[in-house]
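Okay, got some structures for you below.
Note that chain A is present in both complexes that follow, paired respectively with chain B and with chain C.
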Partner chain A sequence: MKFISDKNLRKWLESLMGIGSLIAPMDLGPGLTLFSQIRDPGDVNLEYETTPIPPKDLFFPSSEALFRFSPSRGYEIPEIDGEAFLLGIRPCDALGIRLMDFPFLSEPADPRYERRRRRTTLIGLGCIKARPECFCTSFGIGPFDASNADAFLIPVKGGFLAEARTEKGAKALAAAELEEASIPIPKPPEVPSIDVGAVREVALSLFNSPYWERLADRCLSCKLCAYVCPSCYCFDIRDYPIRDGAERIRSWDSCQSPLFSRQASGYDPRQTKASRLRNRFYHKFSYFPGEFGAFGCTGCGRCVRYCPVNIDVREVLLAILRGEAKVA
Partner chain B sequence: MEEIRAKAIELLRSGEVKCFIGYERASDGLTARPFFAYSADDAGRLIFDRTCAHNLARYLPDMRGQRVAILVKPCDSRSVNVLIQEGQVNREEVYVVGVVCDGVYKASWGQPSQELEARCLYCSRRVPVVYDHLIGQPPASEPQTPASIPEVEALERRSAKERWEFWRSHFARCIRCNACRQICPACYCPQCFSDQLDPLWTGIRIGLPQNWVWNVGRALHLAGRCADCGGCERACPMGIPLAALNRKLAGRVKELFGFEAGLDPRAPFPFATFKKEEVL
Partner chain C sequence: MPKGSDPFLPLLAEVAEVRDLTPDIKLLRLSLREGRIDYRPGQFAILSAFGVGEAPFTFASLPEEGLEFAIRRMGTVTNALHNLGPGDLVGIRGPYGNTFPLEDYEGKDIIIIGGGIGIAPLRPLIHWFIKHRGDYGSLLIIYGARTPRDFAFSDEFDAWAGAGGARLELAIDPPGSPDWRGRVALVPAVVKELKPSPKNSIAITCGPPIMIHYVIEELRALGFSPGQIVTTLEAKMKCGMGKCMRCNVGDKYVCKDGPVFTADQISRLLEAF
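Presenting the complex of A and B:
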């Protein structure tokens, strides 16, 4: 491991900004930190607690025009900028990006996602504190897990321990003034874990359990839990008229929305809050693993923290595993 | 708390109601969340303290056709009246348990706090405006309503350009998750204008112009109907100060029509009545 001192950090960030755009956590108001395009390295906050929106929107923006067409200008595909550095992403969010890769990079790959993914270097950041909602260790990662990042930083006194994991990461670190690390790797914080191994099999037997209706009593059927989730990837596509033509827009969507599964005939197979809420958990813990061989959750706890009525995925997992959700 | 549990057990045991909508401790061990008690056993989980911020009236339209009991603070009780007034809730179906309230704390998930929510600082009621059973000791007199709301005044003092900038920077962040709408007891339309695609109102694009239509449209639809429960602002993951808009509009409706949401379930609505002498 190498060491980047606090003093050299600013210089490093400046040189990264010379190569491409730098996206990092930045404070925008009291209690609100978001991954933002950095103009001044002094704005980067590497001690942030949490961002409501995970950095997935760098690859899969909340809304974008896929293309435009007009009689005068013909067919246009909006450009995707050059190189980018995504700095300061937590292990859970880096896992989130790997999970997004499954649907977006499977054949045929989504060209816009793929371009953005290829141009971006992920510079991870170890967590020296766990938040009360963290349970990432349930999914094979942990506070210092570097496996889904190109380079990884661990905060220590006076700076960061730094390690390159891929060629891209080595290139990014080459722009820094590195010292030999004389500080040992600190002990990561304890993060509680849920043994999710059996959840898929158990869940399948609980599909018709009244548990989902009781849980859904409280649910608001908003889309918040999907929008804050680093591994939710649903979207809607529509064409809209623009001056002298039209554009095709893709925007985030969520299975919690009552409009999500309405079919052209007008029929909706998921008419109740309970059937929508159940879908959220089944997709993450049953269908997604069936399709891609990994759980569709990173244990980041965002849905736990931001759900306005505290539908807690950890409680749901435990209820499933303990068979509390049994069919009556 | 014991009184609430006892009342819930009595109502559930006697079969008077099928469900008691109250609060239980949230999974952080600090804050509260809505809770639906269906049996006397469930009722043991009910709590009430100054972390019970949610406006449970939001759940009443979901429960139509069944007799339920609901726990309300003074602000929440106004929403119950709005729902009755707007024909969304049948008064006969709801047993309202009111609680005398001294304000709730500004707690967010996992963070204890003893600071009152802004709305509670100038709330002029301690006793719910509608109830079948009251819990707690009503004060000798209700507190005075302050003449103005500091946060609204501070915004009013800014120039139009500054206000534009203020809201622009906030609305630009909106992700249109609709949590503010879904948590609101006054937002019950089967199809929201913002989901309307034919004809198109806002569309699916998440961007400043569309967000602007959404956020302003939402606020306007709640003028004279918002009970200032603060639910929308509390739910917003992006920290958008929605309550300031609601409060400004509630103030205008009061000035223009002398009307406050939910005080009298029989009063005619300013936006559903028309008098010839009214001019803009």
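Presenting the complex of A and C:
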């Protein structure tokens, strides 16, 4: 472990900004911290708790042009170049990016996502405080889990303990003035854990349970749960006419939307709110693990925090695990 | 051309020919400007009407016959595609999806059961079975449409019925077409009446979900095992590559694991269809 003192932090951030763009948590208003492009290192807030929106949009923007096309000029594709540093990413959000790697990097890889992924160095940040909704330890990570980051920082008195995990991370740290760490690694905060091991098998037996109707009764189909989720990645693609051509835009979408799976004939395999809400949980805890071997949740607790009607993924998990969902 | 590494960039094709098949189905024949698309029957492509959008369509011809699509007007994209004329530009990406395992059907009697635009994926099969008559047993084609004018490819019916050992049975839905001499019945009822034998045969069906549902029921009642019944499923799709998460039916993607499924596979899908 190395040590970056508070004094050296600013210099380090300045030198990172000399290499590429720096994206880090920044206060945008009272109580609102979001990952933003940093122009002044003084704007970086490394004491934030989880941001409302995870930094997934750095790789998979909420809305982006796939291309422009016109018969006279052919295709124009927005460039993605330069280096980027994503600083201060929490372990749950770093896991979220790893989870999105599965669909986006599997054959055929999504070229935009891949390019953004390749150009970005993830500099993780340990959590010295857990929020009441946090349950990341259920998914094999924890407040100091560095495994999905290129480099990792743990806040300590007077600065940060720093560790490089990959070559990219070492390169980023090389731009800092590092001291040998003399401070021991502090104890991470306690984060409650749900033993999710059996959830996949149990869920399969509860597919037709009335539990889903009951749960969905209060769901508003507002899609907030998906937009704030670091591992949700449903998308839509639409064309917009522009002068002498077309722009094709991809944007975030959610399987909670009533028209999401409705076919042209009017037929919809998921006609009810219950079947859509069930799909969200089944995708995360049954289909995604079946396809990629990992649960599609990071335990960040954002959906718990922001769902306007308090639909709580932890409660759903416990209900499934207890087989409770079977009871009408 | 930037195609190659970017799976979202369609190849460019020109409309070579447009033909009215029915009042709401047109045949689009495309010719690629560059590049090539190798596909097998059952697979589909995603066509672009630039500025309007994309939608998936089955290849309605065998590869050696050229790129043909039978497109039913349903909404925005299909409307735009219907408005194209020779020389107009279309984007095409694909092929996507799985295929009919035609070799596995060799030596078997073939029953093809189509309804409406569901004839699109079945047409290359019909052409295939006619071309390779010797490799397969008998061929029974049941095709239903709303009215006599709604049969697509009626100019090919003589060829379909005329192929050695082939039989074509047409049916319209509601009565009220005075000139119609054929059957007036729903497709599942025709299956029930004709009682094709399950012995050493394969039944391949495509049409509206409700039709597929009852056709499978009738075939099952006749003794067909779920593995002998093959269908193609439709789903809403955006990417065609198992990424946009729009076409999953339980843990299967229609775009990657389908669109061709056996009734056996469908019965194991977690979501009702």
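Here is the rule we use: the second predicted complex is superposed on the first by the 324 of 328 C-alpha atoms of A that agree within 3 Å, B and C clash if a C-alpha of one lies under 4 Å from a C-alpha of the other, contacts with A are read in each partner's own complex, and residues count from 1 in each chain.
Just so it is clear, a residue touches a chain if its C-beta (ideal position, glycine included) is under 8 Å from a C-beta of that chain, and two chains touch if they have at least 3 such contacts.
Keep in mind that this is a model prediction, so the values were computed, not measured.
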{"item": "Chain A as common anchor, with chain B and chain C clashing or fitting", "value": "fit"}
{"item": "Which superposed partner A:R238 touches (first chain B, second chain C, both, neither)", "value": "both"}
{"item": "Partner chain(s) touched by A:R314 [first = chain B, second = chain C, both, neither]", "value": "first"}
{"item": "Partner chain(s) touched by A:L66 [first = chain B, second = chain C, both, neither]", "value": "second"}
{"item": "Touched partner set for A:S261, first chain B, second chain C, both or neither", "value": "second"}
{"item": "First (chain B), second (chain C), both or neither touched by A:L32", "value": "first"}
{"item": "Chain A-centred angle between chain C and chain B, computed on Cα centres after superposition, in steps of 10 °", "value": "90"}
{"item": "Distance in angstrom between the closest Cα atoms of chain C and chain B, superposition on A", "value": "7"}
{"item": "Chain B/chain C common contact set on chain A", "value": "236, 238, 240, 253"}
{"item": "Complex contact set, residues of chain B against chain A", "value": "26-28, 31, 33-36, 38, 54, 58-59, 62, 108-110, 173, 175-179, 181-183, 195, 197, 200, 203-207, 231, 234-235, 237-239"}
{"item": "Parts of chain A lying in touch with chain B, wherever the complex brings them together", "value": "28-32, 34, 52-53, 62-63, 131-133, 214, 217-218, 220-224, 227-228, 236, 238, 240, 249, 251-254, 257, 259, 273, 304-306, 308-310, 312, 314-315"}
{"item": "Chain A partner contacts - residues on chain C that touch it in the complex", "value": "1-2, 5-9, 48-55, 74-75, 78, 89, 91, 208-210, 234-236, 238-239, 241-251, 270-273"}
{"item": "List of chain A residues in touch with chain C within their complex", "value": "66-67, 69, 71, 74-75, 77, 103-104, 106, 108, 110-111, 204, 207, 233-242, 245-246, 248, 250, 253, 255, 260-265, 267, 269-270, 275, 279, 282-283, 286-287, 290-291"}
